[in-house]
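Next up, some structures in C-alpha cells.
Two complexes follow with subunit A in common, the first pairing it with subunit B and the second with subunit C.
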Partner chain A sequence: MEFLASLLAPDFFAAVFRAFVPVCFAALGGLITRRAGILNMALEAMMLWSALLGVIFSGYSKVWFPDLPDVACLLIGMVAGILAGLLVSSILAFFSLKLRANNILVGIALNNMADGGSCYLMFLLLETQSNTETLTSFQFPAVNIPLIQDIPVIGPILSGHNLMFYLAVLAVILVYIFIFKTPTGLRIRAVGENPDAAESVGIKVLNIKTMAVLLSGFVTAFGGMYFSMGYMNFFSRNMTAGRGFIALAAMNLSNANPIGTFFASMLFGFCDGIGTRLSTLGAFSTDLIKAIPYAVTMLALILYAIIRARKINKIKSAR
Partner chain B sequence: MAEEMKGSVQMGDDILVLENITKVYPNGFVANKDVNLRVKKGEIHALVGENGAGKTTLMKVLFGIENAEEGRILLRGEEVQIKNPIDAIHKGIGMVHQHFMLVPSLTVAENMVLGIEPKKGGLFFDFEEAVRITEEVSKKYNLIVDPRAKVEDIPVGNKQKVEILKALLRGAEVLILDEPTAVLTPQEIKQLFVELKNIAKMGHSIIFISHHLDEVKELCDNLTVLRLGKTVGTAVVADVTEQQISKMMVGRDVVLKVEKTPAKPKDVVLRVKNLTIKNEFGKTIVDNVSFSVREGEILGMAGVEGNGQVEISETITGLAPLNNGEITVNGETIKGKSIKKIREMQVSHISQDRMTYGVAADAAVWENIVSDRFYKKEYNNGVLMNMKKIHEDVARYIKEYLVKCDDDGQAVRMLSGGNIQKVVVAREFSNSPKLMIANQPTRGIDVGATEFIRKKLVELRDQGVAVLLISADLNEVLELSDSLIVMNGGKIAAYLPDASTVTDELLGEYMLGVKTMSEEEIGRVAL
Partner chain C sequence: MSSSAKIDRRFDILRTAVSIVIALIIAFILILLATDKPFDAIGGFIVGPFQNLRRFGDLVGYWIPLVFTGVSVCIMHSSGQASMIMEGAFMTGAFLGQIVCLQIMIPVLGQIAAVLTAGIVGGILAFIPAIMKYRWNANEVVSSIMLNNVLTNVILFLVNNFFKDSKQGSNQTPRLPEEMLIPKVIDNINIHYGLFIAIAVLVFGYFFLFKSKWGYAIRMCGRNMDFARYSGMAVGAVILYSQIIGGIVAGIGGATFQLGMLDRYTNTSVINYGWDGIVVAMLANYNPLSVLLSAFFIAYIKKGSDVMQSIASIPTQVSMIVQAILIILIASKLFLEGWRHRAIVKNAERELAKEGN
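Here is the complex of A and B:
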C-alpha cells in the first residue's frame, strides 16, 4: 500500500520523466528516418557521441576561457553535442545512402565504434576510462513553470523538471507538425513509401533521405546530451545502455507516429520508474529490476504485432 | 478557348515528331534504328510491336530516361533536348507507367500535388487547396476521383485515373500510356477508352502502347508499327484490319487460328471435387467447384481475372494447401503432398505470375530449365552435377522451344518477355507431363511467341496430355479449348462441351454473370 502511494508522489513522476526524455528524443530521431524509409540503427552511437562531446566542450570551454559565463559554456557544449549527432548521422548517410552500404550494418559498426571510441577519447583527454567526473561540466537547468507550479497536485508533477523534458514534449509536437503538415514532411513520407513515385514527380530522393538522416542526428543528439548534461553532469562509459534500441522499439510500437511515440516512450519511463521504486524496497535483485523496462518493451512489441495482425485481417476480410 | 497552348499548333498538326532515333545500349544492342514517329495534336496514336521491338526504348528516349545516340525530337515544331523525366514533364510530356507511381498511404489529393505542393503561411502544406486542385482538374477532364480517399483504398481503375490526372495537372500535352489496359477489367477498359477519347478531344495527344489489336482498332486514330527496332509503317487505323496490323508487326501472316483436329479424350486425369478455398482472412474465393479434365483434351477455364482461377491452379499444383474438397491426379490424391511430390506425379504448371513462380530471374537459362529435375539421378552422381548432360539437354530444349538467348548461361532477366516464357514452357513441357496446368500462358508476350506456345499446347494434347488452360484472353480460350468452363464469383457459371460453337457474346454473358447454368446443365464435367 505504501508502495502504491509512493507512485503518486511527484518524485516518482520525476523518475518516469527522467527515463522518458532520452528515449523520446531518440525515438523521434528514428521516426524521421523511418518515415523516409531508413531503419536507423545508429541512434545509440549518435547519443553516445553527443553525450561525450557535449560534456567535453562545455567543460573545456570553462578551462580554456575561465571568464566565460556558465551559460555560454553550456551553449558551447550544446552546439558540440548537436554537431556530434550531425557528424554521426552524416557518416551514416554517406555510407548507407551515397555508397549504398547496408544501413543496418553501418549502424551496428557506428554503435560499436561509439562504445569503444568514446571511451578512448575520454582516456586520451582525462586519463580515465570510467567517467568524466574530474571535468566540471554544465547542466541544463531545471525549469519551474510559473502559474502551473502553484496548482495543487498537478503543479509539482508537471513543473520543476529539467529543461530537456519540456524540449522533448515540444519536439514531439514539432516533429508531428513537420511530418504531417509541411510539404517536406509529405515528401519524406512519399520517399519512404514509394521512392519511384517520388522520383517520377521530380523529388530528389537521395536529398530527402539525406536530410531525414541529418535531422534524425540533430534530434537524437538532445537525447544523448540529456544523459551527460541533464540527468547527470558527467559522461560515463556506455551510459546510454541500449536506450537507442528501446527508442527504435518505441517508435515502431507507434507505427512511426509522433504522438504514439510519446506514449510509448512514457511507458518505458514508467517501467523504469517502477523499477527504481522496487529496488528501494530491496526485496528483488537489482539486476532483475533493471530488466523490467526491456521486458515490458518486448511484451509491448509482441502485443502490438498481434493487434496489428488482427486489424489487418479485419480490414481485409471486410473488403 | 482554354486549350490555346504554347506555340501555334492547331488540332491535327504534328505536335511531336521523333526523327531517325537511334539508340544503342552499352552492350551493343541496337534497340532503335532510325525510328520515326509523328503524333498529331488531339489524336490517339497507337504504338504497336512485338516484345523487344523497341517500343519501350523509344518511349524512354522520349521521356528522357535514355538518351538517343542519333536523331532529334521536335516538340511543337521546335527541336528539344529532353535530359530527364522531370525535364520531359516540364516540356509537356507525361507518362503513365505500367506500375503505378503512387504512394499508397497518402490521399489522392496528396499524390496529385506531390512535388508541387500548395503552401499556406509559406511553411505548411495546404491540404484543402490540394483537394480543390484535384477536384478542379478531375472535373475538367471528367475523370472522377475522390481526392480525400487514400490511394490504397481505391480500385485499380481509379488509381490509373489518378496517374492520368497527375500527368495532366503537370501540363502534359502528350500523354504516354504504357499498356494501360493490362491491369483493368473489361468494364474499366471500356470506361478508360471513353475517358481517353474525351481527353484527346480536348486537344491532348495520347501515345497508346498495347498488345491488343482489338483495343487499337477501337480506340486509336493512327498507328505506328515497330519491328526489330525499326519503324515498319504507319497507318490510319480505320484503313487497316487486325490481320494487316499483325502482318506488319511480325512480317508474316500470324496464324492466330490454331490448326487442330477434334479431341479424342480418354480417361479422366484431373478430378477436382467440391473444392472450396477461403483466403487467409476467411473470405470464400472458390465455392464448391467440381470439374474434371481427361487425357487428350484441353479444358478451357474462362473468366474475368480474380474469380478464383489463380487459387484453383495454385491448389492443384501444391502452391497453396488443399483444405476443403478433393483433388486427384490419375486417381491419386494430392492432399498433403509437397509441390515436388505433385510434380513427380507428372503435373506441370505454367504460372500466371511468370517472374515470381515461373523463373528465377537472376539465374541462368540452364539453371531455370533444370530447376525441376537437377536432383534426379540422370543429372548428378550424388555429389556433383553432370554438367555435360545438362548442357546437352538444355541446348536441345533451347533449339526445340526457340529460346532466343546468347547462350544457356545468360540470366533469364536479360531475355524479352516472350523468351522468358519460352524458358518456362521448355521446362514444363519437357518433363513428360500427364497433366498441364497452363495459367495465362501467353499473357504479355509477343505474337510470335504466343503462336508458338499455343501450337505446343495443342501438340501436347495430341500426345494424350490432359490440359487445363486458364485464360482471361477470350481469343485464346476459344481457339485452344475443346470444352470450356466459365468461372464467375468463385463458381462454375457454365460448362460448354464444344468450344468451337461458343460465341463471344455467350461467353461474355456467363463471364459477367448475366447468365448462369444450373448444376444439371453443368453435368459431365462435374462428375
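Here is the complex of A and C:
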C-alpha cells in the first residue's frame, strides 16, 4: 500500500520523466524517418555522438575562452551536439540513400562505430575510456514554472523538471504539426507511403528522404544531449544503453504518430521508474528488473501487432 | 558467363578490396592520433598475430565462434529477415553450455549434452522473433534486439542467484574442471577441437544453403519474396525455419566457444560475437564457404588490435571502428558504381563493334 502511495509522489514522476525524455526525442527522430519510409537504426549512434560532442565542446569552450559566461558555453555545446546528430544522420543518408546500402546494416554499423568511436575520442582527449568527469561541463537547468509550481498536488509534479523535459513535450507538438499540418510533412508522408506515386507528381523523393533523415538527426541529438547535459554533466561509456532501440519500439508501438509516441515513451519511463522503485524495495533482483522495460516493450509489440493483424483481417474478410 | 557478368563479379571483388583498404587507412590514421610510435603499433597490428604460436592460437580462438555466427547470419539473413537474435542465442548457448556441464559432470557425455541443449534452446529463442513476424508481422529487428536485452539480464540474474561461484566476486559461475572442457589440440594454445565442429557447421551451411531445396527457398525469399510466393514456396515456413536453424547454429557456437576457450561463464566474455557475425557474413557475401576466409579476416583484425593494445596501449575500439566502416562500405551497392557502369558500357560497345564486323 505504501508502495502504491509512493507512486504518486513527485519523486516518482520525476524519475519517470527523466527516463522519458531521451526516449521521446529519439522516438520522434525515428518517427520522422519512418514517415518517409525509412527505418532509422542509427538512433543510438546519433545520441552517443551528440552526448559526447556536446559535453566536449561545452567543456572545452570554457577552457579555451575562460571569460565566456557558462550559458554561452552551454549553448556552444548544444550547437555542437546538434551538429553531431546532423553529421551522423548525413552519413546514414548518404550511404543508405545515395549509395543504396541496406539502412539496417548501416544503422548497426554506425551504432558500433559510435560506441567504439566515442570511447576512442574520450581516450584521445582525456586519456580515459570510462567517462568525462575530469572535464567540467555544463547542464541544462531545471525549470520552476512560476504559477504552476504552487498548485497543491499537481504543482510539484509538473514543475521543477529539467528544461529538456519541457522541450521534449514541445517537440512532440511541433513534430505533430510538422508532419500533419505542413506541406512538407505531407510530402514526407507521401514519399513514405508510396514513393512511386510521389515521384510521379514531381516530388523529389531522394531530397525528401534525405531531409527526413537529417531532421531525425536534429531531433535525436537533443535526446543524446539530455544524457550528458541534462541528467548528468558528463559523458560516460555507452551512456545511451540501448535507449535508441527502445525508442524505435516506442515509435513502432504508436504507429509513427507523435501523440502515441508521447504515451509510449511515457510507458517506458514508467517501467523504468517502477523498476528502480522495486529494486530499492529489495524485493526483486535488480537484474530481472532491468529486463522489465525490454520485456514490456516486446509484449507491447506483440499486442500491437495482434491488434493490427486483426484489423487487417477484418478489412480483408469484409471485402 | 557473359562478359558483363564477369565485369560485375570483378567489381564485387574490387569493391570489397577497396573497402578493406579504405577501412585500414582510416584505422592507421586513428592509430597515428593515439600514439607517438605508430609504426610499432601498426607493425603489431599487421604482423603481431602471426609472430608466435600462442598469438596465432588466440586468433584461431576468435575465428571459431565467428564461423558459427557467420554461418548463422548467412542462413538467417539470406531469407530477407534481419533478425539480430544470434547475439542472444550465442550468449545463451554459452551460458547453457557451462551450466549443463556443471550439472552433468561426466566427461564426453556432458559436453555433447551441453552443445545439444545450447543448439536446441538457440533454435527456440530464434523462433520467438520469427513467429512474431510470421503471425503478426511484428518487426523482427526490434523484437530480436529486445529479446537479446531480456536474455542478457535474465542470464545475469540466473548467474548471480543460482549459479554463482561463492568464492569469487559476482557475475561468474564456478570453474569447470579440465575434463569437462573441450580439449585443446595443442596444450596451452587456444586451438581446440571445437574447430572441427566449426568446419562441420560451415560445410553443412554451404550444402544446406546452396545445394538443398530448402536453402534455395531461403535464398529466393531473400531475393524476392513475391516471386517466391507466386512460385508456390511456403514463404511463412521459410521465414520460420531459416531463423530457427540460424538460432541452432548460433547456440551451438556459443556452447563450443564457452567450453573450448573459457572455464567460467561471465556475460562480458561472450558478447559481440553475434554482431561480428554480421560483418563476417556480409564480407562472405552470405556464402558459408567464404565465411571461412571472412571469419579469419575479422578474427585477424580482432587479434591485431589486441596485440596493438598490449604493445602501444591503443584501445581495441579501433577494430570496432574498422569493422563498422567495412560494413558501411561493403553494403553500399552503388559504391564505385560510376566506374562499374562505364566499364560495362565500354564492354558492351566493344561487343557490338565486334558483331558489326
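Heads up, the rule we're going with is that the second predicted complex is superposed on the first by the 317 of 319 C-alpha atoms of A that agree within 3 Å, B and C clash if a C-alpha of one lies under 4 Å from a C-alpha of the other, contacts with A are read in each partner's own complex, and residues count from 1 in each chain.
As a working rule, a contact is a pair of C-beta atoms (placed from the backbone, for glycine too) under 8 Å apart; a residue touches a chain by one contact, two chains touch by 3 or more.
Everything quoted here is computed from the prediction, not taken from an experiment.
A.B. asks: Pick one for A:189: touches subunit B only (first), subunit C only (second), both, or neither.
C.D. replies: In the superposition, A:189 contacts subunit B only.
A.B. asks: Is A:313 touching anything from subunit B or subunit C once the two structures are fitted on A? First, second, both or neither.
C.D. replies: A:313 sits against subunit B, while subunit C stays out of touch.
A.B. asks: A:198 in the overlay: touching subunit B, subunit C, both, or neither? Say first, second, both or neither.
C.D. replies: So A:198 only meets subunit B here.
A.B. asks: Go through the superposed model and pick first if A:147 touches only subunit B, second if only subunit C, both, or neither.
C.D. replies: neither
A.B. asks: Where does A:181 make contact in the superposed view: on subunit B (first), on subunit C (second), on both, or on neither?
C.D. replies: After superposition on chain A, A:181 lies in contact with subunit B alone.
A.B. asks: Tell me which of subunit B and subunit C touches more residues of subunit A.
C.D. replies: C
A.B. asks: Where on subunit A do the contacts from subunit B and from subunit C line up?
C.D. replies: Common to the two interfaces on subunit A: nothing.
A.B. asks: Help me check something: in the complex, which residues belonging to subunit C touch subunit A?
C.D. replies: Touch list, subunit C to subunit A: 30, 33-34, 82, 84, 132, 135-139, 141-143, 145-147, 149-150, 152-154, 156-157, 160-161, 275, 278, 282, 315, 317-321, 323-325, 327-328, 331-335, 337.
A.B. asks: Flag every residue of subunit A that touches subunit C in the complex, lowest number first.
C.D. replies: The contact residues of subunit A facing subunit C are 39, 41, 91, 95, 98-102, 104-106, 108-110, 112-113, 115-117, 119-120, 123-124, 129, 242, 245, 248-249, 252, 285, 287-288, 290-291, 294-295, 297-298, 301-302, 304-306, 308-309.
A.B. asks: Contact residues on subunit B for subunit A in the complex?
C.D. replies: Within the complex, subunit B contacts subunit A at residues 85-86, 89, 97, 99-106, 110-111, 114-117, 119, 123-125, 166, 170, 279-283.
A.B. asks: Would you pull the subunit A residues touching subunit B in the complex into a rising list?
C.D. replies: Those in contact with subunit B are residues 177, 181-183, 185-187, 189-190, 193-194, 196-203, 313, 316-317, 319.
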